[in-house]
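Two complexes are shown next, each including chain A; its partner changes from chain B in the first to chain C in the second.
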Partner chain A sequence: MRFGALYRRELLIEVRSGVESIIPIVFFIIVVGIFTFALNDLISDDSKVLVSVIWITTLFTSILSLDNLFKRDHADGTLAVAVLHTDALVAIVVAKLFAHWTLTGIPLTILGPLIGLMSGMQLEHAAILGLTLLIGTPTITMLGALVTALLVGLGRGGELLTVLILPMYIPILLFGMGVCHLNIDSAPYTSELLWCLALLSGSITVIPLALGPVLKLSQDS
Partner chain B sequence: MKFLPSWMQRLASPQYFFLDVKVWIVWLYVLGVVGLLVGSIWGLAFVPAERLQGDSFRIMFVHVPVAIFAQIVYISIAVAGVVHLVWKLKMADVYMAAAAPVGFWLTALALGSGMIWGMPTWGTPWEWDARIVTTFILLILYLGLIVLRQVIPNPARATFALSILAIVGAINIPIIKYSVVWFETLHQPASIELFGEISIDAIYRFPLFTNIASVFILTAGIILANMRFETIVRNASKTWVRSWIQGRDR
Partner chain C sequence: MTSTHLTVTNLCCRPGSQELFDGLSISVAVGETIELRGPNGCGKTTLLRIMAGLQQPDSGDVIRYVEPIGYLGHKFGLTSILTVQENLRWASMLNGTKFDTARAQDLLETFELRTATNKLIQELSAGQKRRCSLVCLLIGEYKLWLLDEPFSSLDSQGEELVRVLIQEHCKTGGSAVIASHSASPLAHAAQVEFGIS
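Let's look at the complex of A and B:
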């Protein structure tokens, strides 16, 4: 099976499910919007507040969207078939995660700096926010997918997922947000940026391989 | 695993573990409690007050050992996770189940003693500061390890999931350790380095090191006792457990 075909399948399923596929993006806009409305004075004084709000909302959006990552495939048996394709399992998983990132990560990476610019953030600060989101969102998708896969088929999710996933997001949140804050303070941020990249490269290389056995075991119970 | 001595290899079997370890636990408890009493009484009564903090610094003799082992127990759980994934040792899973609650309470004690110390010294029991937040996250990580086992009914899957969660969660440990160096925090940086300067006066060093050693011994004892309990619960239907119970009754 070609990777492109797998990727196209995942995207088509998401897009044809209709409005449901853009719900996480709508959630993101609403939450950031409410925060900018509520913290209006703080945000116009200090763009660090807006950067933090955007980063934290990104985490919540990812938890919201990850809940459905394997649910549909598990329900209709696609996952059981995928698990049987031992050789192709990594490709299937990577296609799935890449499609998920395309539909949530990329929009957030574009929307985050855009909302920042609309709220009077400087162009350079918005650009760095976009860069950290570009590095951060794939990492978030990877880590989140691994924890979600542990719970496939248990009929649980939601609040339990929050407790299990949020601690895993702390490093990327601290470093990603740290880069933006240092940039706004016009301090050097190279080491924090390198940490973000280290987390990204670590998670995209190891997690797709770890997901195979995790999903395989989820079919047992 | 062939490089290990034979008495250690014996411990990988639940039956021999259960029988061999009982004597150790008694000694570890005795040694740990005596050491903790000696270190604490020494630290509380016989050591002069600190120049700037007065008497409130004495909580260090509890706070530092407990906080160190809150992190080390997590690392050990992650290592047990790796051991389970690589060698499929049953006892590695038993260790993960037994150590998670102990680590949870160590972290809770570290946070609690820190809060008590913070009230007179910082003027606030809780501050959303990098070290405190990351330690709180450690508490949530332990909670996750405990909850995940209860949520997944299939034991093989639960163990696998726990190993993965423990290993992935270990990326937080360096963040906790270096949070005082990397971020602006209220919490002071470490005074004891494994390879380097110790910026604590010699008078305070000895009770502190006594307590660190005692907390280690006591933690090991409690975890081993928990492991013994876990082994007998998991092997309740085995014949050796039945014969052990009958031997006890006689």
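Let's look at the complex of A and C:
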């Protein structure tokens, strides 16, 4: 199984789906922009507010983008074909998640610190924000994919996805934001950063393996 | 080399209050074609999905001696925003085989899809999509085919082509289980009649 070819295929699908793949990024910019205008005084006094806004908006953006992760494949029958290829399934799922992260997680990782800098955030604080998003966004994608896979066969998403997914995001949100807040307070943040890394390692190790059986199970509904 | 590709034993399926089948046992031998026939809602699709492993029976055993299985369901199994060629490459990737361009072109020629090679699936007619999904099945080089209404959307020429392909597949060590509504049953196939209880 050539992972590169699978990854290119998934990227191509995302790109050809057009507006659908851009909407989450536009949503992120609009929501952070609204908060920046509405909380202008608070943000200029304390960068922690902006960091929190960016992190929370990242979570909601991910929910918006993850809703469609397996839905199209389920609708056209390619998911049913894929789950029958047990040997290839992990590579297929990882390629799909990696492509999704490339087009959603990476832009958010770049846009978050950029918006921070434009709002007067110090370069060091923006850099740490970027680092936490770089670690946090793939973790968010992995956790979200697991819930999306559970719901795909039921034809449910949207509000149910939000309710199920948000509690799972709390640890990465707390540790990700915690690192940024401690950095702004000039306090040591190594422990929180290691927790972020632990969550990332755990999710990228376990979830791709779990997704195969979960997706197969989702066909039986 | 095994002489059987799949066996189901004492299969029972009761979705809700309806009983689709109970105590059903079928063995699919190498070179054999089994045609499942019956009215809508009698459980042909459910049986094929259980055989493929996409659905769990209420009781009974399914043993697959060959994997992966070539499954063609009601949905085409094609990505609509990719071209015919890109979908064929995907079919080849699934089995970890190198994409054979010459073979793909030959198959497209056989299925009269040569001119549609670079067209998006969403631009094709239902019959062309069905033909493309059959080409994907052939590219995958599966031993066991589970085909749900493979003749749907096809014209008489396409239907005849599929009949010939199934026959050739079984002659060359393959096997097939087919759910069909077609007025004329497959000549060489063992018939399993379903009824609604």
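Basically, the second predicted complex is superposed on the first by the 221 of 221 C-alpha atoms of A that agree within 3 Å, B and C clash if a C-alpha of one lies under 4 Å from a C-alpha of the other, contacts with A are read in each partner's own complex, and residues count from 1 in each chain.
The rule is simple: contacts are C-beta pairs under 8 Å (C-beta built on N, C-alpha and C of every residue); 3 or more make two chains touch, one makes a residue touch a chain.
Nothing here was measured: the structure is a model prediction, and the numbers come from that model.
**Student:** Which of the two partners, first being chain B and second being chain C, lies in contact with A:V147: first, second, both, or neither?
**Tutor:** In the superposed model, A:V147 contacts chain B only, not chain C.
**Student:** Name the contact category of A:I13: first (chain B only), second (chain C only), both, or neither.
**Tutor:** The second partner, chain C, only.
**Student:** Counting only touches as set out at the top, which of chain B and chain C does A:T86 meet: first, second, both, neither?
**Tutor:** second
**Student:** If you stack the two complexes on chain A, which partner ends up touching A:D220: first (chain B), second (chain C), both, or neither?
**Tutor:** Both partners, chain B and chain C.
**Student:** On the A-aligned overlay, A:P107 touches which partner chain: chain B = first, chain C = second, or both, or neither?
**Tutor:** Once the two structures are laid over each other on A, A:P107 reaches no partner at all.
**Student:** With both complexes superposed on chain A, which partner does A:T78 reach: first (chain B), second (chain C), both or neither?
**Tutor:** second
**Student:** Return first, second, both or neither, reflecting whether A:L166 touches chain B, chain C, both chains, or no partner chain.
**Tutor:** first
**Student:** Contacts for A:A210 in the overlay, against chain B (first) and chain C (second): which applies, first, second, both or neither?
**Tutor:** Only chain B is touched by A:A210; chain C is not.
**Student:** Show which residues of chain A both chain B and chain C reach, each in its own complex.
**Tutor:** The answer is residues 220 of chain A.
**Student:** List the residues on chain C that touch chain A in their complex, please.
**Tutor:** So the residues of chain C in touch with chain A come to 49, 52-56, 67-69, 71, 73-82, 86, 89-90, 93-96.
**Student:** What does chain B use to touch chain A in their complex?
**Tutor:** Against chain A, the touching part of chain B is residues 130, 134, 137, 140-141, 143-144, 147-148, 151-154, 156-157, 160-161, 164-165, 168-169, 171-172, 175, 183.
**Student:** Could you please specify the touching residues of chain A with respect to chain B in the complex?
**Tutor:** 143, 146-147, 150-151, 154, 156, 160, 163-164, 166-168, 170-171, 174, 178, 199, 210, 213-214, 217-218, 220-221
**Student:** Would you tell me which residues of chain A are touching chain C in their complex?
**Tutor:** Touching chain C: residues 1-2, 5-6, 9, 12-13, 16-17, 72-73, 75-78, 80-88, 92, 216, 219-220 of chain A.
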